[in-house]
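Order of writing sets the chain letters: A, B, C, D, E and F. Residues in each chain are counted from 1.
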Amino acid sequence: MAAGRPSILVINPNSNQAVTDGMAKALQPLLLSSGPEIICRTLEEGPFGIESQCDIESVTLPLRDLVRDDNLTAAFVIACYSDPGLQVCREVTDKPVFGIQECGVLTALTRGDRVGVIAIKDASIRRHMRALRQMGVIDRLAGERAVNLTVAESAQGEGTFARLCAVGRDLKDLDGADVIVLGCAGMAAHRIALERALGIPVIDPVQAAVTMAIGAVLVG
Amino acid sequence: MAAGRPSILVINPNSNQAVTDGMAKALQPLLLSSGPEIICRTLEEGPFGIESQCDIESVTLPLRDLVRDDNLTAAFVIACYSDPGLQVCREVTDKPVFGIQECGVLTALTRGDRVGVIAIKDASIRRHMRALRQMGVIDRLAGERAVNLTVAESAQGEGTFARLCAVGRDLKDLDGADVIVLGCAGMAAHRIALERALGIPVIDPVQAAVTMAIGAVLVG
Amino acid sequence: MAAGRPSILVINPNSNQAVTDGMAKALQPLLLSSGPEIICRTLEEGPFGIESQCDIESVTLPLRDLVRDDNLTAAFVIACYSDPGLQVCREVTDKPVFGIQECGVLTALTRGDRVGVIAIKDASIRRHMRALRQMGVIDRLAGERAVNLTVAESAQGEGTFARLCAVGRDLKDLDGADVIVLGCAGMAAHRIALERALGIPVIDPVQAAVTMAIGAVLVG
Amino acid sequence: MAAGRPSILVINPNSNQAVTDGMAKALQPLLLSSGPEIICRTLEEGPFGIESQCDIESVTLPLRDLVRDDNLTAAFVIACYSDPGLQVCREVTDKPVFGIQECGVLTALTRGDRVGVIAIKDASIRRHMRALRQMGVIDRLAGERAVNLTVAESAQGEGTFARLCAVGRDLKDLDGADVIVLGCAGMAAHRIALERALGIPVIDPVQAAVTMAIGAVLVG
Amino acid sequence: MAAGRPSILVINPNSNQAVTDGMAKALQPLLLSSGPEIICRTLEEGPFGIESQCDIESVTLPLRDLVRDDNLTAAFVIACYSDPGLQVCREVTDKPVFGIQECGVLTALTRGDRVGVIAIKDASIRRHMRALRQMGVIDRLAGERAVNLTVAESAQGEGTFARLCAVGRDLKDLDGADVIVLGCAGMAAHRIALERALGIPVIDPVQAAVTMAIGAVLVG
Amino acid sequence: MAAGRPSILVINPNSNQAVTDGMAKALQPLLLSSGPEIICRTLEEGPFGIESQCDIESVTLPLRDLVRDDNLTAAFVIACYSDPGLQVCREVTDKPVFGIQECGVLTALTRGDRVGVIAIKDASIRRHMRALRQMGVIDRLAGERAVNLTVAESAQGEGTFARLCAVGRDLKDLDGADVIVLGCAGMAAHRIALERALGIPVIDPVQAAVTMAIGAVLVG
């Protein structure tokens, strides 16, 4: 880290480096030469993907350790839509810690009235709804629907995009959403195309969280 | 505006240039040479201060006109805690429009669990609570309390700061707030000192809104 | 105005005299020789129809002026379902000011458990839901659906009625509404027929607001 | 009942004729020669006062019978703040049935932002809060406080009024209420004086309910 | 009652002894030789079935009398899903009184995230939703749907079970429920089979209430 | 475990055997010779006390392992008021898993209208309120207050009891609670005395959870 230039650590809690690379790519627009450095790091101890509560719990203490032992970073972003370890990381540092679900949804509230969320799997929806109730914003949820794609399918760009469009249209037309949140750090590559296809704002939660982190770091 | 460099227009809806200058000063940390240009503008048609619903309504159409007729700006911030004209401005542009109450409160939700708001006058509290219900986040409000200072008093830095501290402590100790939002664009100069005095995060809503605007502009 | 006989001013904020005439007709049952005088007035400065937030903002100050400068009226009703200028009018008079959305929905809460609203256009629904959240009654909303008729179509009595019935049945059968609010001042002529067709109460919000105004005026 | 002139039956569910007489007096402003007849009736089977859940349950079936067997009345008002028998009366008639708690609170929502309720006894508050949650309007409650007067004390006009003022001031100053509902049919005589003393609207729920009944009857 | 062995009185408020017998059978697993005695009693004064608000009101005072006059019972369960007389029974005894709707729903909240309720008739749904709002747990409701069976049909085990499965699947698949509450004391016989068929927990509210009563009695 | 006799495993997630012993003592009334066996076990891997989010996260995986690897137990109770690991334990077993905060609060909802919670430390209150929002029952919270005792002080029975009484009285008199939940597994010894002193029900959450577990086990 350059002396005097603060940095933001964006932690991908799964150990899939391709996901981290995708994040880094999605965050390129937020890289400013005069702004905070943005460092994307893969949590080595993490599972290859975070799909279950077990996966979530398996990363909370490694995340806590990473945050606690880091004296150089000015703000942290936990870049998994389940916001694993968010509370415990906040407990061990005086620096701000942002979760991408929290920031993605809160940012969406500034861009539309009722939020639609695209989840990876049906099984995640229940967990996300618990989080929205905990956040106290459940009245703003239009609905959450899953693409239910396997990793193999989601690797095929076009198939994934078609599913995102179909689910996004259901959220818009059937549930009344006027802003969409991508409920997974790995969907970022499709954000702009999906926004054009649906005609309503689409929020990448990693971008949303890093934005808030930049602000927090800059204003001190 | 430099060709190709996007700009954010921060509109102070009152005609008090000193308030606009204060904003510009508070926003200096967010000015990045490689980031969006941040332009603070005083709304000439605005009243000297916005304290009543009449004041609010008097600026909605001027704000709408300003936003509608501006093809150069990439994102707008309406820098009055009553979020005047927010909905109408959103209707006349495809660019994102941010209100500082919305952004201040939503940002606070990432920094604490229950939000305390410091208002200028008791009379504003009712209006703000309507806004929090409309936003669907009222369950996160710890309380809102007013400093009830006249302009003359608030000009005296120390007196104002002492009042901010006293009200902030009541919000923290009596109402259970663990994050504070400054409920007025004009309190920004005291943010850092107040944060230190209270020991909990203090959010300047103009900084919060400009942060979100920067993110929206950069990610396109 | 007869000396000593108080009057209620019902203001149609659009400049379409036919709408004002329709209101006056719908209010005939509430005209009592010994009760308050009910005066329906067209806001000359208003747009021909109020369909957008721009339309709404364009009438708030004219409504404010009208209310502020009127020393003879005992209570005011703003007869547009978007309740334009409601807060600012309340600020400039000690007399009660009623909005028809507020009164229509609150009255519906006395006639059924879950409220269905028939909107003119899909675009209005989002605005109305913001209002219901602001009112703090969103848990009583069964749903809101739009007839999406053009003015030309709505002029054809039968076509309009058929659409009202179809939308009303969806609100009742699909959304579980057991009371309907007409989400527009112009649908009043169909109220009784629609109530018979659906078999559940149908509330005309102008009648609801004028009723509350009559009560407020009579009890002083 | 004069032929063709519809009537509203206001039922005092307790057997205290003095309370019925007080209601009738409070309703005099709503008696219009050309409007519906307003008949106040004491429920003979009722207890002398309704202070407990036992008292409430003891009147539900007598109220039901009275409503069911009455073919002449156009609308019913159950004039006890606990709204006893409201649901069962609605089940046995096609005519509208209004409860004074429901109508008092809903009417208050049109006159202020946050409602304060003055109860007779502390023991009633819990019951009223259940009703406000059931109505789905609990977010609008500023607070409820009791005068805790005995019947003997409340008979002394001045003592009662002083207690009403003290409790009303606490609701306004400590709880943030900007409109008051009298949580008992027997406080009506003090409404106007209390409104003047507090400087915010004070709603008599019997007047509120009869107003809504008049509207429902007149519009058919 | 054996000396020293406390008893729980489970009151079936309808006079259909077959329903009481069904309850007793469903409660057999909760009968422990060393635990409280569980006595199921038919309310003789009750109607043959409780389907309307009239039916509900007709049993509140008989239930009250039964509870008030019983000095031997340690805890009471009112075994009708409308929780008739719950508040009044609580008023006349210091012993705990449990309602099966309350206990069934609260128990379901420990077994799933969003609750689906199977009602007997469409007409009951509105009443149940009022109760869920009053309980303050409406945000946890996935949906409520009715089997709409006649008594004759429900007597045919297979036909009833097929309807329960169909409605249960709609609650699970369309409404997102992950736990089901049987909204009637008479469906208990199908609980285990339905749980197997749906693959999510199914709660019999009588068992849930008696469980809570056992706990309350044992801990004193 | 006797063949055929099901067992409930009550896990104290801290490693303080004295706390486990206290639980076992408080659960003695629920031990029935013919009912499920109740086994209290200390989590060896746990910290000596669970006071922070770090403490919570440190036990989630050990709890998960314990639950996952146990094929003999019929139901699990996690006996720490922060409900650590509740979701992950539910994921790895088909058996019901109960958290004491969930069960304590839900049981309290059957014994009073508004719940007061006595916390050990001020720092826990925020965490508990997040949980109540997540549960969707925050509208039933009267308030939460902490005794703020050190372990040394809480060891002195009388001093602890006096603090519990003082805090309980504030919850009752200032916050309007009519039922109290002990917000810590270690306060159980004072439950009965506190209930007598306050005159309102006091719920020990471990007893509440084990009660629900007994019911779940017995009905299968």
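The rule is short, and it goes like this: a contact is a pair of C-beta atoms (placed from the backbone, for glycine too) under 8 Å apart; a residue touches a chain by one contact, two chains touch by 3 or more.
Source: prediction; values computed, not measured.
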* To do: Could you work out how many touching-chain steps separate subunit D from subunit E at minimum?
  => 1
* Return the chains common to the contact lists of subunit A and subunit B. => C, F
* Recurring contact interface, reference D-E, options C-D, B-C or A-B [over half identical by residue number] -> B-C
* Does the subunit B and subunit C pair touch with the same residues on each side or with different residues, judged by whether over half of the numbers are shared? -> same
* Inter-chain centre distance, subunit A versus subunit D - centres from mean C-alpha coordinates, in Å -> 52
* Asked: Approximately how many whole Å separate the CA-defined centres of subunit D and subunit F?
  -> 43
* Would you mind listing the residues of subunit D that make contact with two or more other chains? => 130, 133, 135-136, 138-139
* Should the pattern of chain-chain touching be classed as line, ring, star, complete or other? -> other
* Structure fact -> Full set of chain pairs in contact is A-B, A-C, A-E, A-F, B-C, B-D, B-F, C-D, C-E, D-E, D-F, E-F
* Asked: Given the complex with subunit D, which residues does subunit F contribute to the contact?
  -> 113-114, 139, 176, 178
* To do: Give every residue of subunit A touching subunit E within the complex, in rising order.
  => 125-126, 129-130, 133, 138
* Residues on subunit C engaged by subunit B in the complex (per definition of touch) -> 52-54, 56-58, 60-61, 64, 85, 87-88, 90-92, 127, 130-131, 133-136
* Would you pull the subunit A residues touching subunit B in the complex into a rising list? => 29-30, 32-35, 96, 98-99, 102-103, 106-107, 109-111, 135-140, 191-192, 201, 204, 207-208, 210-212, 214-216, 218-220
